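Residue numbering begins at 1 within each chain, and the chains themselves are lettered A, B, C, D, E, F, G and H in the order written.
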Amino acid sequence: MSTPDPGWQPPPQLRRLAELDTDRAARRGYPEAVYCAGKTPDQVARIAQALGQRAENPQATTLFTRADPDHAKAVLTALPDAHYDDTARLLAWPAEPPAPTGGLIVVAAAGTSDLPVATEAQLTATYLGRSTDLVVDVGVAGLHRVLGHLDLLRSARAIVVAAGMDGALPGVIAGLVSAPVIAVPTSVGYGAAFEGLAPLLTMLNACAPGVAVVNIDNGYGAGHMAAQIAAN
Amino acid sequence: MSTPDPGWQPPPQLRRLAELDTDRAARRGYPEAVYCAGKTPDQVARIAQALGQRAENPQATTLFTRADPDHAKAVLTALPDAHYDDTARLLAWPAEPPAPTGGLIVVAAAGTSDLPVATEAQLTATYLGRSTDLVVDVGVAGLHRVLGHLDLLRSARAIVVAAGMDGALPGVIAGLVSAPVIAVPTSVGYGAAFEGLAPLLTMLNACAPGVAVVNIDNGYGAGHMAAQIAAN
Amino acid sequence: MSTPDPGWQPPPQLRRLAELDTDRAARRGYPEAVYCAGKTPDQVARIAQALGQRAENPQATTLFTRADPDHAKAVLTALPDAHYDDTARLLAWPAEPPAPTGGLIVVAAAGTSDLPVATEAQLTATYLGRSTDLVVDVGVAGLHRVLGHLDLLRSARAIVVAAGMDGALPGVIAGLVSAPVIAVPTSVGYGAAFEGLAPLLTMLNACAPGVAVVNIDNGYGAGHMAAQIAAN
Amino acid sequence: MSTPDPGWQPPPQLRRLAELDTDRAARRGYPEAVYCAGKTPDQVARIAQALGQRAENPQATTLFTRADPDHAKAVLTALPDAHYDDTARLLAWPAEPPAPTGGLIVVAAAGTSDLPVATEAQLTATYLGRSTDLVVDVGVAGLHRVLGHLDLLRSARAIVVAAGMDGALPGVIAGLVSAPVIAVPTSVGYGAAFEGLAPLLTMLNACAPGVAVVNIDNGYGAGHMAAQIAAN
Amino acid sequence: MSTPDPGWQPPPQLRRLAELDTDRAARRGYPEAVYCAGKTPDQVARIAQALGQRAENPQATTLFTRADPDHAKAVLTALPDAHYDDTARLLAWPAEPPAPTGGLIVVAAAGTSDLPVATEAQLTATYLGRSTDLVVDVGVAGLHRVLGHLDLLRSARAIVVAAGMDGALPGVIAGLVSAPVIAVPTSVGYGAAFEGLAPLLTMLNACAPGVAVVNIDNGYGAGHMAAQIAAN
Amino acid sequence: MSTPDPGWQPPPQLRRLAELDTDRAARRGYPEAVYCAGKTPDQVARIAQALGQRAENPQATTLFTRADPDHAKAVLTALPDAHYDDTARLLAWPAEPPAPTGGLIVVAAAGTSDLPVATEAQLTATYLGRSTDLVVDVGVAGLHRVLGHLDLLRSARAIVVAAGMDGALPGVIAGLVSAPVIAVPTSVGYGAAFEGLAPLLTMLNACAPGVAVVNIDNGYGAGHMAAQIAAN
Amino acid sequence: MSTPDPGWQPPPQLRRLAELDTDRAARRGYPEAVYCAGKTPDQVARIAQALGQRAENPQATTLFTRADPDHAKAVLTALPDAHYDDTARLLAWPAEPPAPTGGLIVVAAAGTSDLPVATEAQLTATYLGRSTDLVVDVGVAGLHRVLGHLDLLRSARAIVVAAGMDGALPGVIAGLVSAPVIAVPTSVGYGAAFEGLAPLLTMLNACAPGVAVVNIDNGYGAGHMAAQIAAN
Amino acid sequence: MSTPDPGWQPPPQLRRLAELDTDRAARRGYPEAVYCAGKTPDQVARIAQALGQRAENPQATTLFTRADPDHAKAVLTALPDAHYDDTARLLAWPAEPPAPTGGLIVVAAAGTSDLPVATEAQLTATYLGRSTDLVVDVGVAGLHRVLGHLDLLRSARAIVVAAGMDGALPGVIAGLVSAPVIAVPTSVGYGAAFEGLAPLLTMLNACAPGVAVVNIDNGYGAGHMAAQIAAN
């Protein structure tokens, strides 16, 4: 809303925006990502422009996470050679992922409703330079489905498991493999799932060792962690 | 949102959808249900088409739960001989329930606002092959109402009780009958009901033994459990 | 503490104790149980004496739940022909269970630490007149253990599953059988199990239908519910 | 612990104790009470001595709440003509209650385990000058018990109901009478009662209007409120 | 949504609606109220019609609580001589309150944002037959405001206090008067008010005795309770 | 909604609005602020008019907090010489801040998404008469960013730190400076941030002493507190 | 427990203890404190010895917080010229506080049960070099008590308020003064105080601006913050 | 307690104990561990004996976690060549760890009070065959301490960080390194740490990607996960 203000305007020290962590790729080996939630499309566009000016030939992919269609539109205007995945709400620039190195990452989604989070994890790992694969709809209510994918799961260097509701899948998979499992709870489920709290607690309490947990619906964090584990 | 992507597209292993548990009816005696929440109407339509192709003459009913009108429209296009109940947000295919076997299931709703959940429970049990009956508006604030239905309640093999607010009805009914009571808390009530948490806790703490609880607003789960109990 | 009070003593209407629900066996078909927690051994002893005087030849078993050794001593003095199980903290009077009727109840304990609760469930069902069996240490971290008991589990009319930590076992079992599963969360586990809250939520959110839940550590309630389900 | 400090001692402004609200009886019509929890027996004794010196012939009763036996011993030394009830953990000075005025207060305890709280409420109301009566073990699992006391309950000007576990009793009683019901949740129950949280929520969500709630296990507050309501 | 169903329709026992507690005025002395939240306008309209047919000349007011404008429209069509207050979201039928009896009820609102709840309480008490008064914007941040109304507050037989945020006002008022205080927390406030949880807890923990609490935003319950207290 | 009521209208004592704390500037040295959330634009407009009439030449700024664009429009109509900041949702009247006195306040925002809260804090302090500065995007994931502002931070008399997600920034800054840090958690973050609960708890548990916390997203409170600290 | 191990002992990198922040006084102007909870008396003794060796003539006081009597004994053996306050569970070395500088700090305790926390705050501020005063038993249930101390409160540069139960005192005091108020919730109170959660929330939601909050029972943190505020 | 039972004894199917997962080393590559909490020393001793009989020359270490001194005594009797660490409450059999393979694991403890959990993690990783190192007392309140260990931290293949209170250390470390960080919250801290809930939430919300979390105080789980990550 533009208000017809009677004169006084805030001085510059009231109007600062962002300070990019340009040092991060050098320091950590992984580039910075831009978290779009809570930012206006205009703010995101200005950050995208700054990134575009900084690097004519970017070496590493920059990700824009939690990007709704309005954010996506703003970024694609500034960086037309970006890729937007509307299931994962993820933008990647440039669109082409790097050639994969390191070990295989398998992402498992307990149900179809967990796909947005699982896809965000898989795309993140892909853009950080890993080869990835996906198994879907392998919840513990029908064990034969997950048991049917054991060979693929046992070939992974790291596994990401996205599950809502009871969140039991990561513990069951961890009990069957030697690779570490990154569990990501989703906000899928009936009332007492409490927007992901129930699967979060389940995963933290997994009987099988070899499970560690990231934030609810945080597919980006899960994919990033898996990429670090599978780096070599 | 269709984005004008500059070339790169995710490879097939990034795009899988669902793996139906076709084995479930054989393994458990009850067919699979499709949970629609968190799925797009398009995803649900593709699942409905796959089901339609799998079984020309389906023996058992398939249920689509938590189906909003858009989901319903998508399923009815693929499976025109399905039935949609917009109170229960439930689709059943085929529309005609099987002939009832086993014992009677009585569903009790504490108030009119609990009807969506109670109806989902009753329809689920009906479609899983049980005879059912319904009593409404029998909350504990006027005990004579529930006492007036004692004969019906005592004739049941299993009872489902849906209640929000104080959630006291299941315990009161359990104290009056010999049949097991499946309690389903609803998200009906003032602020300190915390979207169903209050009646959930009440039901878990019922003084009368013979009460077991399912998830908040989970009429499907309550009806399924009751159908199993009343199977013989 | 006996205090040297200077004269005034509370009149009788300040000193009442208990009102037994002698009608319950007739009304519900199952006798009353005495919850000992929060009662002094002396109060429990007085209730036991009243029960002993009421029935020279009791037809049905009376249970004393949550009885610590001091409660047990007090009851056994009043009712010497009672049986006390110190794992389950359960007293039964008379000691001999009735001859079993109805279907088989199988109790599954995820781990050895869940045995107190599982035993309380099994003894309760046994004393309410059911035949029972027990499988122990079949947590989901090693699926082959639960799969090795499938025949026994599939022969049950009702199954009780006690589990702490991630509480995933009831959902996994429910996905494999047609019998209803009564899930009882236990307070076993690390910090974020929050004294049983985590497995409670897991069980309420079980992906597989056919699971209903009782209170944390409430083996008595689970066994009672199962006995009602398996009554015929 | 007396430590051999090397000299320095805190100055007086670091060592103050209490400031009695001597104005309260005049301002509100009800005298102050001393909450003993968190105070040392020595601190309570000093407060009792100050009270004893202030009033040679006290007009109104002073209550010491949450007094464990050590507190009681300390007070009885300073005020030998006090009365200590070890069930309610309440001390009253002087021991003799005033002659009753106003309407009748009926206190109902759902179970024997709720007696400490119910007794605290009843004694408080008695010492604030009301006539009181008590019904025990009238939980909703056996409705005939509470229905058997309807005449007494309907003769009350105010009713206090103490209940743990499901906390359903206050709402059921409120639906049967015209008097206001003060509900006091107790910390009695299994794990998911969460030390009184479950009955607290139940009572706040009572379907029947005419229920208001005080703190968990706060029999003093319930009795005080009832005494104010029944003042005329 | 009307679906083109292929034939099968649910039988009557799947379609029941409500069972009015016509006995309540006789049993309790206060008439039933209709809770509109969670009911469709059509359901409310059918209940209003049934009420209109039952009583040509109603003796007592019927209230419709939590009525949004669509509910109001539906009721006013069926009962044109009803009164709708859109601040309190309350409908009363007939519109004219009964002549007041009993003692005065004073309603205090901590801030202007608490007015919807305070008004619901005041109108409820008015329609149940009490004389009422209102003080607004007397939060504890400026004590002189509440102290300026002491004479009015001290003339009340019962006081209702609605407050959000810190919820401190009921305890402060209770410490100044002899009348009982019904505290009603509101969902007004910043994030850590957690939709009314913070003032709810504050009120349950009020240092001053003489405070009892009803559900968050439940002005109806507060006004009803106050009307019972001030009945004589 | 204007309803065609059949005659009866509520009497004046049912319709009061607000009681301004005109004494506050004298009593505390800081003027009152108007909290707009939960008030209708019309109510806010009437308060603004009253303020405008009370003071022809206001000495101190009045703030309207949590003002959405509709509130802003209403106030600007009544007080055209006010300033509205749509990021902070804050209105100030008159628009020009007073000349600064006291020490410098530095506001730090962990990320761009925390800017609305940080700006509210900074503007509040500015309008209460302090000089302020702002640093943005200095989260702990890239420590060099905050370390690069150490000179500015160490020149402050008080520091406000706004952060969501892990909320770690206030503790890190407090460990580096001698000035007191006011921490304000924001509702920015993934699911397990629970709308600001996670950073709130982090800040309360800061290892470094010298951190005190205000409500979630309460930039106004943080700025006010900082202005008091930096008053001299 | 000394176990008769068969040979293998953990190598040195498995046995490290502590790394003192010797730089803190220089960096922040306030010395480090040793948090004793969770440390064995032996560990604390070794830290005390290291401190004693580091500084023959210490310039600033070192505090040992949360020191139970066993910790105190261990420290006093190593540093005999320390002072131990068993109410505050605080050790100070050396025993004599520095000469006060800066403004006055007033500590207010709502009740006698809050004295341990209030004393910890007051001693901390005293040892960090401020002059301090204490008012006790000034809870909001009797407003005249806090109003009787207004002159002292208004002379403070910073105020610490310790309160349990409803935690309303900080907001009431903040509304009466211009100094900033540091609120410290205590774990004093009935069940629904939830070990300090209730007063914590109350304080975070204080209606009056000028209140910031530290951790439950954290008198040390409150005193430290106040000392920083009152430094000049 | 041995009770003088009058004859009846539970049949064998009421008395089962444990079912070892002997398949686990083959299936997962890591041996089973015995969780001692909730088991009696006698039960643990019988499990230890069974293990001792199973393997004359064990290839891999068996761990007994959460072993209090009584558990330790019982195991050491059965397996005298075991090692017990009373800080970590961990027993290992046989005592000598395997020769290390894979990458280095660095364990960081924020404070001395976190050492029990950190030691459990370090010993677990050591016994699963990794080389490990430990840094202690590197909390974020004094950043120079953690910055002083950057070379060691950057040489790790996986890092475990144990922290209580604000739990900020894992996120700060993750922002400085490329290795994945396993964060383990501890139950160390003041009241609002809520027994580890606060650091748990902080870690789940870490701004820096590359952090995954295990259960509160679960050093075993953290060390196991790290050993899997650093396996090659």
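We take it that a contact is a pair of C-beta atoms (placed from the backbone, for glycine too) under 8 Å apart; a residue touches a chain by one contact, two chains touch by 3 or more.
Predicted model only: the values in this text are computed from it and were never measured.
Colleague: Spell out the chains that contact chain G while also contacting chain H.
Modeller: Chains in contact with chain G as well as chain H: F.
Colleague: Please identify each chain that touches chain D as well as chain E.
Modeller: Common contact partners of chain D and chain E, which must touch each of the two, are B, G.
Colleague: Could you work out the angle of the rotation that brings the CA atoms of chain E onto the matching CA atoms of chain H, rounded to the nearest 5 degrees?
Modeller: For the C-alpha superposition of chain E onto chain H, the angle is 180 degrees.
Colleague: Which listed pair, D-E, B-D or E-F, shares over half of the residue-numbered contact pairs seen at G-H?
Modeller: Match found for G-H within D-E, B-D or E-F: E-F.
Colleague: Since chain B and chain D are copies that touch, just let me know if over half of their interface numbering is common to both, same, or not, different.
Modeller: Interface between chain B and chain D is built from largely the same residues.
Colleague: How many angstrom lie between the centres of chain D and chain G, each centre taken as the mean Cα position?
Modeller: Averaging C-alpha atoms per chain gives centres 33 Å apart.
Colleague: Just the number, please: Cα centre separation of chain A and chain E in whole Å.
Modeller: Spacing between the chain centres: roughly 47 Å.
Colleague: Spell out, as numbers or ranges, the residues of chain A touching 2 or more other chains.
Modeller: 27, 111, 141-142, 175-176, 189-190, 192-193, 197, 200, 204-205, 215-216, 221
Colleague: Name the shape of the chain contact graph, picking from line, ring, star, complete and other.
Modeller: other
Colleague: Pull out all the chain pairs that touch, please.
Modeller: A-B, A-C, A-F, A-H, B-C, B-D, B-E, C-D, C-H, D-E, D-G, E-F, E-G, F-G, F-H, G-H
Colleague: For the complex, give me every residue of chain A touching chain H.
Modeller: 27-30, 33, 175-180, 182, 200, 204-205, 209-216, 220-222, 224-225, 228-229, 231-232
Colleague: Could you pull out which chain A residues touch chain B in their complex?
Modeller: 69, 72-73, 76, 80-81, 83-86, 95-97, 111-115, 119, 122-123, 126, 132-138, 141-142, 144-145, 164, 188-193
Colleague: Under the definition above, what is the set of chain G residues touching chain E in their complex?
Modeller: Going by the criterion above, the answer is residues 110-111, 139-143, 165-168, 171-172, 174-176, 189-190, 192-194, 197-199, 201-208.
Colleague: Which chain A residues qualify as touching chain F in the complex?
Modeller: 1, 3-8, 10, 13-14, 16-21, 23-24, 27, 35, 37-39, 43, 47, 185, 187, 195-197, 200, 215-218, 221
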